[in-house]
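Paired with chain B in one complex and with chain C in the other, chain A is shared by the two complexes that follow.
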Partner chain A sequence: MNRTLRLLGVAAFLVAVFVVVPLLISVTGRKDVYYTLTSVALLSIASAGVWLTFYIGRINMGQGAFALMGAYVTAVLVNHYGVAFWWTLPAAGLFCAVASLLIGLPILRLRGVYFAMVSLVLTEVTRLLALALPVTEGAKGITNIPLPGAISLFGLTIVPDFATLENPRIAFYYLAATLMVLCFAGMYRLVHSRIGHICMSLQQNEELASSIGVNIVHLRLIAFAISSFLGGISGATFAAVTQSVYPSSFTVTDSVNFMLNCFLGGLGYVFGPMLGTLTLYFGWNLLFQTGEFQLLIYSSLMIILMLVLPNGLLSLGEGRRKG
Partner chain B sequence: MDTILQVRELTRRFGGLTAVNNVSFDVREREILSVIGPNGAGKSTLFKLIASFLKPTSGEVLYRGERISGLAPHIAARKGVVRTFQETTIFRNMTVRENVIVAHHLRSRASLLGFFVGTGTAREDERAFGASADEILDFLNLTELANEKARNLPHGHLRALGIAIGLATDPAVLLLDEPFAGMNHDETHKAVAMVRRLRERGLTVLLVEHDMPAVMKISDRIVVINFGQKIAEGTPVDIQNNDRVIEAYLGAEDEAIGL
Partner chain C sequence: MEQVIANGLYLGAQYALIALGLTLIFGLMNVLNFAHGQMYVLGGFITYAIYGQLGLPFPVAVVASGISLAVIGGLMERYLFRTVIRRSHREESTMLLAAATAFFFDAVILLIFGEKQRGVPKIVKGVFNDFGVIMPYDRIVVAVLAALMILGFILFMKYSRTGRAMRALAQDRVAAQLMGIKVDRYTMIGFALGAMLAGVVGGLLVSITGVNSGIGGPISVKAFLMIMIGGAGVVGGAIAGGFILGMMESVGLTVLREYGDVTYLVIFAALMIFLAIRPNGLMGKPWG
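This part shows the complex of A and B:
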């Protein structure tokens, strides 16, 4: 693709996210949409992580576990230890990354459906742990998490205290959108650098990858850690947005949805998880009016979509592009 | 000539089956050494042991005096011992050129993080890999197919691509498992010339091959394996006249294999 065209696309996207959307919302007065879009942005970050594990050839249904862990890290640090939310955000990501290294070491050896099953179980185990551990306060969860405070640098307030804002939802929208942009910029760079090619070699043939000298165990762990880091960041921000976290905040259903988001958007495209999340989230809500048929129609549509577009929604644009 | 590889009393069992049984031989620097034997004799298993894809049940493989068996494939590759696969094994969904470029992994001086942020070293690496890949593609007559998706290549070229991937790792010892399989007379002829040129590049080549005329033509020495055991070792002439080989392996087939 043409370089200028690509830059224009990025600029258009940024303007849409940071200017056009807020403008439209203020014109129409639909302030509730902020919450919806914040959720989409955060879920797409978690999905991006799942996408990266797909990229090294693993079907990851454990992202719900890391989102939940991240949410609890933030909730516990903020409520029990009085740490500022802004510090807990990277802490949650790092906690999940380290946890994923310990978990990944034994389970990343598994392939295909075996890895998928174990990672699915991981989500459930994490939920049960959250129910059982004293620090997570069982089924009643951790509530009344204070809103993020101000960030100031050299006496200059860069981010205002969310509690002083008239509508913190707008601030959360900007936060989530910024995180999403950073996440996908990073992913784009990763995939289009040499690392992306090495990951791809792993996805296509692990034996051959190791015969050309790739330390496949190492690389799998790195990819899984990045994935879980993103899951943790996503979950932690969710905890701040909803000001609460429960063992059921992220469940097996969420893990499955993260994966479906990737499928739907297209596993071959970095921005697939973003588009997939947006489509699924809005699609699901649109079907709300169909009442008891919601799940049925939703599932049928998913099946049809995957049959018609096995390479995801973004493959629709493939004809114009080359390679 | 110096010894580059020493195979020492190598044994590998799969359950009750001894696929490789107490095999020892030396490989000299810049030698073309063929391993032959009937189907299921243990040749591929032997290669996997040498390239550290399998751990030996007992025995060891020394590369320039250093043990490389039982470690891990990427470590053996880093030291300079690389194998190609009996089944054509390539990165199917990459182009031919991308296949070869990615295989330069061991030559990178930049770290993964360096490639992510795009440091000067990383950019130099990428330039160097591109140039080297083009040279290798040219060497193996694959230049015209450089931008073709690997999965679309005809069979003969797939083998060549497998070797190109091996070459990109800059090995000292390259193990080729049946490189001429499925080739017609002409293609084999060219491939034999290509293996000779590998040696001219300074490589030591081990190959497993069933195509006897090609083996006899190309090899400096031959190791014969039957039921996991080494039954003979020597020059092509020695092997052709070795009674044990004729008895155990060649037998009545000697006409079929062009002796």
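This part shows the complex of A and C:
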């Protein structure tokens, strides 16, 4: 029963994302929503990475750094070396994963606020590096990144060339949504696997986990690498969507926002980051009409939400189930 | 060279004072107060309004900044942080709250004071020029005041009843409670004191660098750096961290000038290496 319910839920979600939303948009004619939803999907991938580091008990404010790295890897490879976007996407992810292994080896020893602050500094370092390095072309950034080309297998076109499409935004929406679904399916699988349960033990007590034979160094590096991989993928796709990347594309604010998305959705729930990103991003855009009071209302709502639901939006369902 | 050291000391004194407030709040409650820079800005604007616009004496304005921030800090602890800490499963939730209050302050400051850079008339005129050091008198006054306040703060924490209670709290919350310390009250006083320090520094510095609504975030990041260098939650660490960052900035700006704007890149990189070797900063306690 429970299993069928869950399958039905997944099916409903997939139908909603891939069929209902495009239908609704074509009915109402608000094509701009595609861009918003693409952003939400991509940001939620990065947030999912942050969530995974929360899962091993680290407050990660460095995701902006990896998103920026990923964006630059794609931009440089596509623009300077003429590599196809579809190859640069995994390359960006892998680059970030390797970078995170090198960076993570020393800094993952830190805990609590120390890790939080070092990762915050990492975001800033990456921005400053992007400004200083020659390959990233400084403050003017890399612009005019061509749209992704076609993918064909045995002469069969699977993905059309984005540039030939009438509205590439729809294509990007499908791309981002697919990535998001894959990402969260993977996360769900990971968290409910053996490794996921061991990660949970890291969150609670690393020494104890270590004392019963869990290789904690290994495990937290893996988690951090996966997290950064997701950040890189998200950043790379963002670069393709906006066709540009600047040192200010992902800053400390973005890193903090990724973290807030996780908090808002609920740290105890795999799908928390998705819900959190959707709520925060849409909430922010909806409040745009209030003009100068946008930030005031937004932050007040956030404070109130925090007072009422300190364990995230998804804890609402849990409370009802218990009661 | 003398100039570089003098600049470093001047920067260090003000930085140390900012870091003290942050580290006090962290030590007492394990809350990383993201809104610290915004409190600084708020203090600056209050002094600007009272001294620059109403024309009241500068000390009155700075004291007013301190008092209003202390009240705001006390209220924040009582009605926001205490509630969230009590209801939340995970300690980190306070970070979201802190970030939200930082946004909130940003919004309030922007609405009330606008986005313009604001300055006030100089408090002392003239420039000190001797021993190869050129430094305006008002900077010297502010640095000395900051140093005196740091000294006062240390003495307060060391010898007063409140200070002793707060140190006990930072060391071991449960033990302190068992010894009959009113935990809630002293946590609130500590938060108010931390906020007050931020407000006072903001008030002092508005007479030199001025203030604008956008600098809150960068100030917070700098304050984080300082307490990381020194070790979070330790008074001595915050002071050391403040002076070290001030010195590094001053030296970096001189030495690395020809390479462009890389001072902070170097500082950040050095910090990451340093923390990899000493994860708890210079004198921080291990943090689990």
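Just so it is clear, the second predicted complex is superposed on the first by the 317 of 323 C-alpha atoms of A that agree within 3 Å, B and C clash if a C-alpha of one lies under 4 Å from a C-alpha of the other, contacts with A are read in each partner's own complex, and residues count from 1 in each chain.
The rule is simple: a residue touches a chain if its C-beta (ideal position, glycine included) is under 8 Å from a C-beta of that chain, and two chains touch if they have at least 3 such contacts.
Here the structure is a predicted model, which means the values were calculated and not measured.
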Name the contact category of A:201: first (chain B only), second (chain C only), both, or neither.
-> first
Which of the two partners, first being chain B and second being chain C, lies in contact with A:124: first, second, both, or neither?
-> second
Touching partner for A:113 - first (chain B), second (chain C), both, neither | second
Given the touch rule stated above, what does A:59 touch, chain B (first), chain C (second), both, or neither?
-> second
A:222 contacts which: chain B (first), chain C (second), both, neither?
-> first
Chain A residues in contact: does chain B have more, or chain C?
-> C
First (chain B), second (chain C), both or neither: which does A:210 touch?
-> first
Now for A:190: first (chain B), second (chain C), both, or neither, which partner does it touch?
-> first
Hey, which residues of chain A end up touching chain C in the complex?
-> 54, 59, 103, 106-107, 109-114, 116-118, 120-122, 124-125, 128-129, 131-132, 252-253, 256, 259-260, 263-264, 267-268, 292-296, 298-300, 302-303, 306-307, 310-311
Given the complex, residues on chain C that touch chain A span 26, 30, 32, 34, 80, 83-84, 87-90, 92-93, 95-97, 99-101, 103-104, 106-108, 110-111, 217, 221, 224-225, 228, 232, 260-262, 264-265, 268-269, 271-273, 275-276, 279-281, 284, 287-288
Touching chain B in the complex: which residues of chain A?
-> 189-190, 193-195, 197-198, 200-201, 204-205, 207-208, 210-216, 222
Over in the complex, which chain B residues touch chain A? Could you list them?
-> 51, 53, 72-74, 77-78, 82-85, 89-94, 98, 101-103, 105-106, 108, 112, 115-116, 118, 122, 125-126, 165-166, 168-169
